Structures are given as C-alpha cells and as structure tokens.
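Across the two complexes that follow, chain A remains constant while its partner is chain B and subsequently chain C.
Presenting the complex of A and B:
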C-alpha cells in the first residue's frame, strides 16, 4: 500500500470513528453498559441482607468485601446478552446503515475501494467492542470504589492480591471480553453486507449470539461446543485464578480469529460482488 | 460491477485451511524409542522418580450415567465441597479440568477449574486446606506427623492420572495380562501405552490403558474401557505437563479475609474409613472382586440419604446404582455390595 493510500485509509478510519462516537446511540449504549455494574453495586449496598454465597450471579457475594468485584460481576452479567446486543447493533449497522441512508455510493465514489471500506468499518466496530468492555469496568470500578472498600481481593484460588494488581486483572478481563466479541463483530459485518435494512442485520447478529449460547448449554451437542464462538465467553474468570490460566485466553483468541477469517472472507465475497444502487 | 466468482474464493479457502490445520494437528506424534517388552515399560513406570511437576489434567467419564452437576445435587446434600459424596459423584459424571502442582511427597495442590468458580485442595507438609470459591469456605486439618504421603485430602479418591495409574499398576498381578499398545502422544510427550486386560470374563472392565512417558516413566494418563463401549468409560490424562518444581508460593495458603474457616479433626487413619475392616471380598479376587459392607458397618444415614434415593433404581432384593463400569447394590437388609461386575453377579452374591 502506497503512503498516500495509507494516509487515506487512516483518514477514513478516523472519520469513521468520529461518526461512530458522535452518535447519541453509541453513547446511550455505553452509558447503559456502565449502568449495569452501578445498579448491581447499589442493589447490594442498600439491600438489608448480605447476598448469600453461591447464589445469584457469580462473585456477587464478594462485592461487599471488595468493590473491585462490582466490575467483575458487571462483566459476567453483561457478557451473555448486553454486550452482544450493543455489538450487534454497531456491527450490523456498518454497511447496511450506509446503504439505508443512501451514503454508501458516495463513500465508494471517493477512491476508497470496497475492501478498504470493509476493513475500516470492521476496525471501528472493534474499537467499540473495547469501549463497551471498558465502559462496564469503569462503571463498576467507580461504583465499587464509592460504595465499598477497595482492599485485598480474593481470587478464585483463595489467594489474595493487592488493589493495584486487582485493577490490572480487571483491565485484562475487559480485554478478554473485547477479544471474545471479535467473532460476533465479523458476523455482524457479514450480515450487514447482505441487506440494506440495518435492523435486519442487527437482529440477525443478536439472534445468532443467543442461538450460539443456547447450543453451548446443550450437553448432547458437546462435539459442537469447541466450534461455537460463545464457547469461551465465560472463560474470563480464568484470569482470576492464581497463577493465571492463559489457556482459555489463547483458545478464545484463536477461535475468534477463525470466525474473523471466515466471516471477513464471506463479507468480502458478498460486498465486492454486490451491485451498489444506493 | 460484474459478479466475479473468484471473489468468493477466500470464503471457501478459510474452512479448507481450518480443516487442514485440525487434521494436521492430530497427526503430530513422535514415536518413542522402540521398547522391548511390556515388562520393561512396567519397570520404567514403577521406577519413575518424578516427584516434582505441574500440569493440567482433563478428566471425563462416560459411565452411562446422566451427568449430574453439583448444582443439582446441592439441595440433596447441603454441600458440594471436595470430599463429600455429592462432589465425588459430580466428579465422576461431569468432565473436569484441574491443575495439579506437586513438589515431593508432602506438597500437593489440586485446583479444579469450574466455570466461574474453583475448588482447591492444598497439602503443605502436615497442613491440609480446602477452599471452595462458590461457598467462600475454607477447611483446615493438621495431619499427624506419621501421615502417609500422597493425597491432598486423605478421604478424597486419587484423582491425578499418576496416582490412578499407580493403583492400577499395583493391581496388575496374575489376574491381568499386560501388553504393549501403539505408542501415543499425551501432553505433547511421546508415551508407551500399557494395556492391562483382565483375564476374568466376569468383570465389566474390558481393558485399562496407561500412558507412560517414554523418558521418565511418568504415567501421563489412564483410560478405562468398559465392555461393549467404544469410547473410554473413564478418561484422565495430563494435557500439559512440566517436570520442574513449582514455585513454593503455590503451596502456601492463608485463608482469605471474610471466608468461613472450619477446623476439621485430624483424620485418623482408622476413623476415616470406618467400614474398611468390615469389607469382605466375596466371590472372586482381582478384577471381578465384589466388596461387601455388612449391614452394621454401613455409615448411619447413608441408606436414607436423598441422594441415594434419587439415583438408585429398585431391583429385586434392594436398590441398585448401575453404570457401565461399576455396579452398587444396596440390599433391603442394609448391606452394600459393589464391584466392577454385572448386576446379576451382585444379586447372586447377595443371596
């Protein structure tokens, strides 16, 4: 790629990011995600009884010992539905949204090229994945620090770590969650090239995320489980073991890259052979 | 723009590349140096000196029982912490991944990695700790100075592949024929396969395969096959193994703040197995042995436990807990008969 086209690509990427993060919808979704751990922390703080051990969302009973766990509970609670929902909205909108507004033609009139547009759109969706996971962590950390003590955190293995390392692990978990959503973003991108109705692409993406998790819960299909993109979603707790178990992080990243390769190639095939009329 | 079919080629190439990678990944297995006889491999396994290692163990069972998650058992038993009957059943019927650290005979840590939870058992010298992250509960016991090396918790069954393999190898006597199977790759190491086949026809065990590391003789895995079943009825093997001493901090455990710590009685060797002296082998030795616990020696409350009522099916003369590998018969007069034999053999022995 020549320097000029590289510059054009980065300019397109920056303009894409600014369009994404100037939308009210994007900020509404990020605030809603940040509100999940805040609501949980408030509920735990102002309920008359301490949450019982071993019931409700995992780690809920830990919040009263250490506010750091508000962010962890937020991530665990948001992973099955809220995060895929927001990622589905953003990635399903990528191409179909432009087609729906009639702006896709103009984007391609500029010497952007279809492949470059696809890549830039996908990278913007990846940035949103990271922002979404960080929104949960930030909301949880602020609420946890305001309502509960932040001290020694107890890991799953029973060992304790200091607050600095605990926050580091929380950031690692948000990275894990963002990586977990790469495959779903690629699916959304492909769905988005299939239609000019963005709601259809969004719904298809979110439904696939739910279907994948339902299949993952059926014991009879255990041969299929390693191939489902949601299989490692709750493996984020492996970062709370002592020593950290990196196996699930690596397997998850490999799986998500596989989904990215497959659905990226499908989106390429579809988008470069499509008649763009709007 | 013209529709060009070559644009779809990458989409077809990706699944092909994945398929090739999956197939090639399974084919990588280096062959160990040619061993001579099964006896040499047996001696190699018996003489292994690796007492320091850290590794990951995968274990699963296909006993023909439904999988019983601990959540389902929790109402029936109050606790699913390590060592309880519910946790043993759960360990036997659902797949597990555990990390095992060992340093010498008296330092051992087992971490059973459940989803969003973990159960730990740590033995450091004479201190034995267990930790259950779901209940946030700790138990602590101090072993008497004469306690034998081995298990982290004396009452828990051996769950690491090397301990299991030692059990089977110790039992490989005249009732067993030992052969050498095709060499395998376990945990990225080449391994000899010892195949123990019971000579008796009266047992449900078809064969036991033990994977022995070619260089050190360390048992890497155990597969137990039941009759009329192609997949192993029980499988336990390392998926990663590092034969270096783990960090000492792994074995140091202090109860986390806020956890409930329960001090347990130092398990007396006799007291921990009240029924052991009363067990009588009956009708056969070796693989088709039947163990009987007389009515008086059965621990009180076991027969009325909701767990047993839930799982056992009524048969003539009692209730039976039946699986493809092991059968347990609880007779109406309160005796317990168990063995790796068909249920009919247990019923005959009960008469």
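Presenting the complex of A and C:
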C-alpha cells in the first residue's frame, strides 16, 4: 500500500471510529459495562455480611481489602457474557449494519474498496473491544476508590504492590481481555458478511461465544479445549502474579490470531465475491 | 493508442451479452447497451425489469453471470478502483446514517473515496450541498430529513467530485413537482458541462424532455435502444379517416397498400408504416369521390411507444 493510500485509509479508519462512537448504542453498551463493577462494589459495600472467600466470583472477597479488586471482579464477571454480548453486537454489525442501512453500496461505489473496508471495520471492532474492557476497569476503579480503601494490593503469589502498579496491572488485564476478544470479533465480522440483517449476525456471534464456553466446561471434550477461542478467557488472573506469568497471555494471543486468520480469510473470501443487493 | 481505446473516447458505457441470473431467473438477459459519451441516456422500463440490477453491474456491486460490462473501456468489476472515482451514482434510493448530519454523511463518503483530496473535502461537501439546495439542512441529522431531502442529499453525494459519468437510478423519486423540475435542470446543467448522464426511470415523461438517447428494458431484455429521434421514428404511424363512404375508401386505401378497418367510433383506421405521405392519401381519396370529413395521420407518441414496448405501463414484470 502506498503512503498516500495508507494515509487515506487511516482517514477512513478515523471516520469509522467516529461513526461507531457517535452512536448512542455504543455508549449505552459501554455505560452498561462500566455499571457491572459498580453494582458489584455497591452490593459488597452495603451487604451486612462480608463475602465469604472461595464462593461467588473470583476475588470478590478481596474487594473489601482493596477497591482495586472491584475492576478485577468486574472483568472476571463480564468476560463470559456481557463482553461477548457487546462485542457480538459491534462485530456483527460491521458489514451487515451498513448493508441494512444501504450505506454499504454507497461506500463501495465511492469506491472504498472491499478489502480496505473489511480491514477498517475489523480494526474499529478491535478498538471497541479495548474500549469495552477499559469501561469495566474504569467503572470498577471509580467505584472501588469511592467505596473501599486503595492501599497495598496482595497478589496471588502473596507479594504486595502499590496502588500505581495495581492500576497498571488492571490496564494490562483489560489488554488481555481485549486480545481475548479478537477471535470472537473475527467470527462476528465473518457472520456480518453473510447477511444484511445485523441482528442475525449479532445473535450468531453471541451464540457461538456461549457454545464455545459450554464446550469448554465439558471434561469429556478436553481434547477440544485448547482449540476453543474462549479457552483462555479467564486466564487473566495470571497477570496477578509476581513475576507476571506470561504463558496464558502468549497462548491466548496465538490462539486468537489463529481465529483471526481463519475467520478473516473466510470474511475476505465471502465479502470480495459477494453480490451487493442491499 | 489502440483502436479499442480510440473507440472508448466515444463510449462511456458498453455492455455485451450482459446477463445476471438469480437462481434460474434471469434478471438481466443478454443486454447490449451502448451509452455514447456526453449523452443523457434514459434507461427505461417498468419496475422489476432489471434496470437496477444492470446499474449494480455497471458499478461493480454485482458480478455478471455472463457477458461484459465496460465503463470508459475498462471491464467492470475488475477495474473498480480506477473507474469509480470518475463516476457518481445514486442507486436504488438514497441511504445514509440517520444519526449523522447531512454534512457528516457526505464527509464520510468522500473519505471513503481513495482519490478524493482531503484538502478540498469540506469545500466540496459545502458546494455539493449548495448545488442541491440543502445548505440550510447541512447540520441537521438525516433522520430529520424528508424523503425529498434525502433524495437531494443522495444527488449531492454523487456530485462530491467532478464526475465524467453520473448514474442516477430513479432520481426524482420522492420529489415534489418543483424538486423534479430542479433535478431536470441539474441534469441539463451537468450534461452541458460534458458529463454523461445515465438516468433510469419507470416514467418516460420524467426523462423524455432531457434525454438524447434511451433504451427500453422489458423483463430483463432490451427491446429498443437509440437516439430519441430513432425511437420516435420506429413508432407506429397510423391514419384515421372519417367518411360516410367506407366501402369506396377502403378500396382506395387497399390500392395504396393500406389495410383499413372500421373502428368502434365509426372511423376508418389503418396502419400506415411505409405508406405514401398523408397529403397523397387524401388526394387519392378525394379524386376517387370519397367524401373526406376528417383525416388524421400521426405517429404514436413516445409514451404510447413505451407502453407498447413494455406492456402495461405500471405492471411489475415477473
């Protein structure tokens, strides 16, 4: 790609982001995600009993010691359903949403270029994944700081870290979550090239996220587990060790890139040959 | 320069054997179109006759099942990247992001065009909005636009950059008579500047006044193509005669090679293709002693010709 067309494509990417973030739907989803750790923190703060350790979501009992854990619990709780749900909405909407509005034909006639549009759409969905994870972290940190002390945080390895580093770990965890959703976003993109009904593509994507986790919970299918895109979704706790255990992060990233390659290729094959009748 | 390229200087759009099948149904069937450069080309046919599918193939949105479509001598959809920046289009009605303003919608479309210079983007968007009379609504969100305003915004999108070819699918849909007149004026202006305009319609009257050429489509097949004069010329001529001497008149007409019939209203009517000029027919009748009380010779109007070619004017072809 020449520098000029590269620059022009980055403009289209910025335009894509502005369309995504000028929709109230996008903000409604981000606010809902931010509300998850807020609700958890409020429930813990105003419940007469302290949460028992070893029951409920991981790290729930830690919140009262350190508000920093509100964000951690928020990520752990949102990962199985809320995050895939919002990512399914955004990635399923990428192409199908434009087709449904009819704007797809005008973008292609402009001409935006089908490959260029597909890449820009995917990148915007990735930005949303990161924004979604950050929304949870921001909601958690604000609620945690308001309701609980923010002091030294005790890690899984027993070491303690200061509040600054703890926030750094939270940001790292949101990056982990965003990377975890790369595969699902690619699946959503592919589903989105198959239809001009965005709700269909969204539903298909979310259903696959649930199916993957159900399969991941069946011990009889343990040979399949390493191949499921949700297999490492809850491995983010490894980032709470000292030193950080990067194994989950690396394996997860590799797995997600594999899904991206597969479903990216499928989306490319489908979209570049598709008759645009919407 | 090859001879093919020389020919292309004269032709904006050329299709040969262009066919699109959806399943077993051929939406467009062996279409051979030639749109000369600088023409205002009326693409006519009832709803469902394959006009929009043809337009989608010309714009590379749909791949032909068979045959070829060339725009400026370049095969579509293979050469989309070099052809489409020279083409402005309105396809099957306007479509915009309802949650963005009219201006923001146009800015986005212009950003999508790799060749559109960014330095002049805002200026060109403002000029396009002004040209279609939407400057006052530039900062309104499109969901607040009326159908006619959306249609105008669609035209503005097609006019974001100087275009050599404009493809306008039913451009007057949703416009009031005043808006329709304005669109006709706009097309005339563009044509005067040398832009080739390919305009589809199911209403002949909408385009008859501005077209230099036309093609008529029926159930996916081309049934007529040429300059407007040629199309008029191929129309049926006929004569009508009012006389009390029917027997004798029919005899005279037969000698002139005309097969006359009595119509319900008591007139004698005859197909007059290739017949002698009207004044000679009248002279022959009068000299044979036929009392001519009324005589008319006329070509069927283009409208009648259109209805004749396409079947019922408003029927959806199946």
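Structural remarks
By our rule, the second predicted complex is superposed on the first by the 278 of 278 C-alpha atoms of A that agree within 3 Å, B and C clash if a C-alpha of one lies under 4 Å from a C-alpha of the other, contacts with A are read in each partner's own complex, and residues count from 1 in each chain.
The rule we apply is simple: a residue touches a chain if its C-beta (ideal position, glycine included) is under 8 Å from a C-beta of that chain, and two chains touch if they have at least 3 such contacts.
Being a predicted model, the structure only gives us computed values, none of them experimental.
By the touch criterion defined above, A:10 lies against neither chain B nor chain C after alignment on the C-alpha atoms of chain A. Look at A:272: by the touch rule set out above, it reaches chain B but stays clear of chain C.
Once the two complexes are overlaid on the shared chain, A:58 sits against chain B while remaining clear of chain C.
When the shared chain is aligned, chain C comes close enough to touch A:23, but chain B does not. Contact with chain B, but none with chain C, is seen for A:219 once the two complexes are overlaid on the shared chain. Note: residues 273, 275-276 of chain A belong to the chain B contact set and to the chain C contact set alike, using the contact criterion stated above.
Those residues of chain B that touch chain A in the complex are listed here as 1, 3-4, 7-11, 13-15, 17-18, 56, 67, 74, 99, 111, 113, 115-118, 120, 129, 131, 133-138, 240, 250, 253-259. Per the touch definition, chain A reaches chain B in the complex via residues 53-54, 58-59, 61-62, 65, 76, 152, 154, 156-160, 219, 234, 237-238, 241, 243, 245, 247, 258, 261-262, 265-266, 268-269, 272-276. Put simply, chain C touches chain A in their complex at residues 56, 59-63, 80-81, 84-85, 87, 89, 91-100, 104, 107-114, 118, 157.
Against chain C, the residues of chain A that register as touching in their complex are 5, 8-9, 11-12, 15, 19, 22-24, 101-103, 105-113, 116-117, 273, 275-277.
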